[in-house]
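Alright, structures below, take your time with them.
Here chain A shows up in two complexes: once beside chain B, once beside chain C.
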Partner chain A sequence: MKRSPAAIALRWSGRVLVAAILLFVLLPGIVVAVTAFNDRALLAFPPQAWSLRWFWRAFSYSDFGRGFWNGLTVTLWASSIALVVGAAFAIAIHRYTFVLKSLLEGILLSPLIIPHYTIGLGVLILASQTGAGRGFPLVILTHVLLVLPFVMRSTFISLENLDGRLELAASSLGATPGRVLLTVTIPLLLPGLLSGWLFAAILSFNEFTATLFVSSQATQTLPVAMYNYVREFADPTLAALSVIYIAVTALLLSFANAFLGLEKILNVDAH
Partner chain B sequence: MLMHTDRMGVSASTGAGRQGRPAVQLDGVTKRFGGAMALHEAWLKIQPSEFMTLLGPSGCGKTTLLNLVAGFLEADNGEIFIEGALVTETPAHQREIGIVFQNYALFPHMSVANNIAYGLKTRGIDKKEIARRVDDALALVKLEGFGDRKPRQLSGGQQQRVALARALVIKPKVLLLDEPFSALDKNLRGSMQVELKQIQRELGVTTIFVTHDQGEALSMSDRIAVMSAGRIRQIAAPGDVYRRPADRFVASFVGNVNVLTGCLVERRGEVATVSVGGMRLGVPAAPLAQAAIGDVVDVFIRPEHLALMSGSTPGSLRGTVTAQVFQGDHIDLYIDVAGVAREPVLLRAPGIAALSSCPVGTEVGLVVRSDDVVAFLPEASS
Partner chain C sequence: MTKRPFLGWFVSPAGLVALGLTAAMAAVFQFSMRAYIPGSLEVGGFTLQNFAALVRPLYALAFWNTILLCFETAAFTLILAYPLAYALVRTRSSAVRSFILIAAVTPLFLGEVVRTYSWMIVLGNNGFLNTLLVKLGLVARPVQMMFTSGGVIAALVHVTMPIMVIMLAAGLSHIDRNCEKAAESLGAGPVRVFLTITLPLSMPGIVAGFSTAFAWTFSAFATPQLIGGGRVSTVSTLIYQLGFSSFNFPFAASLSIVGLALSLAVIALLKQATRPLERLASAT
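Up next, the complex of A and B:
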């Protein structure tokens, strides 16, 4: 069957549109990646000469290394604390009815709608009023607040999908409520808890706005270190760092996918 | 020991009339959800080793009653006893009951063997003993060698066997079955029913079985408690529920039944006589205690209790065949009986002769060939 010219035009314009959208999505990444290989100390695109020296600088610049380890420390602590606290709150809110239950849920989920700079500024003011130092506990506390809603959301979804009869069956078999929680509920919530933790960790590691307020030179995370760098230098080191960032993330995700079953951690698989 | 081979072949004692304390007893148990009455003053005694079925449509309160016995719900009023001990406020994990859910509720993250072992581990039994009893339980449900599988690797029927083994291995005081067959296909359902009944009989475990399927209830139970709208309407052996339903609801819910309009003509002792289109039939008098001679009553007649005559037979009900449905071993005939039945009367004609002898439009006579006819007052006045 021969298509009409209008149909062909429509078909091709659709393809062009999709290609344009994809290009638009990828463009910033592409520009940064190409810029990273520019030999000149300018954030210029396209580059005139090629070099790998900015990668070397990204690795040797001590603030970045320290920022990376600081960020990792903050992330591991914050997302783990948020996991325990958030899951406990989520289970309590899901299971029990009590006074001011919806208020509690609203407060715990509020960091979703309160801007990060508001939270950062608030914590900073509180810290200076109470005389608390700007050490790691402060940064970690801020991050816990920020990622708590995501852990709770993910736990809620897992709880919705949990068949209550499994817990009833366990208790009929003689398991005390605590034993039911440890042997049935938590193991079955684990994929949801892990995905909540992973999500929290990614958000925490990339968090910039609130961290800028509450961190100091000693506790600054990688995004804050990058911001401080770009205020002083305009060379492609940040672009190189971005390329490393993308590559490492892709590697980690591939690893998780291949060895841990990413679809399970992200709760895509129904089982 | 889970298997009591020495007890194999011993026929089930129905428990009815047996001496001693009941295995399960409900004294006026009531449960409301919000304002809705889910269970209204249930009184029930279940004897040791008895297979008691709770039969009724969805929302009749049968699952609520089961959950109350299991300890998953708390009664608003009344008391529950298991083996004579008051358990109304005992939490589920201390009641020693076994339960099989409709969806089996196997722990998806545990192997078959660990599912079965779960209730033994909570009891702190030593590992060797657990392994031996799990093996016995697997043998009981004919799943030897399946211990290492995960539940999702099993068919529906196999999952049900695991659920049954898991519930039985703890030697429960009562076995609760919550519509366990409804997720199985029809053929498998039949064989699982036979097998479950056999295991129940072998072990002599007191069983409460919840179903909305009257066929399952009639075929498996020692006694049936028919429920509707939160009330127990009748507790009796399957044959009695079928032949002597206590009220209109039981008569129409259990089995097919024709409802014919008649009138009460006589009452003598326990037997009353009703007239249906000139045909006089004896019925139990008790359900008609409120009726006066001459009152209109609804007469309930089973399809298999009707017989065909030629249209001119004296004393028979005259009717016209309106439809034939070939069922293989018998023919369902629908017969319009004017003035007596609002809907066509269903009659089971054995064999296939009726197919040719009673084509649609044939004038036929109907007679009742049974004493198992019951009559109740019409709906509005009952």
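Up next, the complex of A and C:
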């Protein structure tokens, strides 16, 4: 089929528009990457001389190191707890009817629309009223609340794609419900569970607002340490740290895309 | 199925978490009606004083500014995200699709601090944009972009783009292409097909994306705090300031409650107002 000049013009203007929007999306990342290698302490653009010293400073600044390990602790606990709790609940929601089902589901999905500072404030007030300290359990609880909807969503999508006949076949062959769950359902859900866990982990590791409210000097995570840094100093250390951040996240997502199919997880699959 | 194996095991942990969340929200609600004792973390008796104080111009203006900021951000985000979502769903090249997907989605996982910081370098007086503008001779002196609501909106649009792209793409990918093909075969040009078929059919995605963008912007804290630098005050920055500078947690709690009610009301209104559009989409 031959295209008219107007259709070709439309096609190309569409491409230029998309490229321009992609530039807007990528611009801050590019600017940060260039700034990170700036030798001077001033946040000026473009850099006059190049160096790696801000990367060294990012690695040697003790608050970042501590924040990283704190964040990792919180993330591993929070996303694992959320995975178990959220996946089990998603299965129950998908298959059974029970009392207070929709109420419970509504409550657990509500952190998607309740601002993070409100949740952080609530947990903080609750802790001070019950006399619980501002330790790791408090931060972990907050993160579980925030990432649970994402694990539930990812499990739901896997359940939709699960062929129920496989479970029926297993139980008709005499498998107990427990055996069906362990040898059929969970293995089939595994990609969805893994991607849900990965999403939860990335979101938890980067969560900032609620963590700012509930963490203390001893439990502050990396984003909180970064926020405190940017309020005190104006050198490119944070740019260097951001570059590492962007690289690791893009790598993890490419991995998720290649092995698990990001389109399926995000429900934007065209097929 | 009448049997429900493991029901208790599946539901009770989630029930505990829901209980925790409810208790936290109840704590905010309870605190919003307590008296503030200056210089103390203890709170006084029950009062409605906090809510009465919210009508003072400083706070009323912050609410109004926040809602305006959210609308502007959601609108700009929609305009920029739609072409990207369209290209993502419709491109035939899987390399292009993967690239758009990674480029559009990666920022979602970077967190507000990293993204806000990168915009500080872009918008600063010695930053990327100003250097570019001065070098090109478009302006004589750097334009003030930090600490302005325009700067805050630019960064917030960038922060909300990924979720908008995801929601629009989800809506677009569920459109039956045969509707478009039918229109084409009846002689409609590409622009007409888009305006009369694709756009109306993608309305559910647009509504979902717009309300999510609104809620996310309402919830944003690092961006207005760092880029606004105290000169753009929103509900979130006020709550933080009240809580951690003056330790007036009761007032911070009442601000949160009213903020939450307001954002829920706006989202419900949005859903109501766009219902005819959605009905149009499902009727087509």
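As a working rule, the second predicted complex is superposed on the first by the 232 of 271 C-alpha atoms of A that agree within 3 Å, B and C clash if a C-alpha of one lies under 4 Å from a C-alpha of the other, contacts with A are read in each partner's own complex, and residues count from 1 in each chain.
Just so we're on the same page, contacts are C-beta pairs under 8 Å (C-beta built on N, C-alpha and C of every residue); 3 or more make two chains touch, one makes a residue touch a chain.
Given the structure is predicted, the values throughout are model-derived calculations rather than measurements.
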Determine, under the contact definition given at the top, whether A:Val147 touches first (chain B), second (chain C), both, or neither. neither
Just chain B (first), just chain C (second), both, or neither: which does A:Asp163 touch? first
Looking at A:Ala88 after the superposition, I want to know if it touches chain B, chain C, both of them or none. Which is it: first, second, both, neither? second
In the superposed arrangement, which partner chain does A:Gln129 touch: chain B (first), chain C (second), both, or neither? second
Between chain B (first) and chain C (second), which does A:Ile114 come into contact with in this model arrangement: first, second, both, or neither? second
Which chain, chain B or chain C, is in touch with more residues of chain A? C
Is A:Ala58 touching anything from chain B or chain C once the two structures are fitted on A? First, second, both or neither. neither
Taking the superposition on A as described, I'd like to know which of chain B and chain C A:Ser242 touches: first, second, both or neither. second
First (chain B), second (chain C), both or neither touched by A:Leu188: first
Counting contacts the way the document defines them, which residues of chain A are shared by the two interfaces, the one with chain B and the one with chain C? 177
Complex contact set, residues of chain B against chain A: 70-72, 91-99, 101, 103, 105, 107-109, 118-119, 122-123, 152, 166-167, 170, 176
Listed in rising order, the residues of chain A that touch chain B in the complex are 163, 165-166, 168-177, 179-180, 183-184, 187-188, 271
Residue ranges of chain A touching chain C (in the complex, touch as defined): 7, 10, 14, 17-18, 21-22, 24-29, 31-32, 35, 42-46, 84-86, 88-89, 91-92, 95-96, 98, 104, 107-108, 110-119, 121-123, 125-126, 128-129, 141, 144-145, 148, 177-178, 181, 202-203, 205-209, 212-213, 223, 226-227, 230-231, 238-239, 242, 245-246, 249-250, 252-254, 257, 262-263, 266-270
Residue numbers on chain C that touch chain A, as the complex places them: 1, 3-7, 9-11, 13-15, 17-18, 20-25, 27-28, 31, 41, 80, 83-85, 87-90, 97-98, 100-107, 109-115, 117-122, 124, 126-128, 131, 158, 161, 166, 169-170, 173, 190-191, 215, 218-222, 226, 236, 239-240, 243, 249, 252-253, 256, 259-260, 263-264, 267
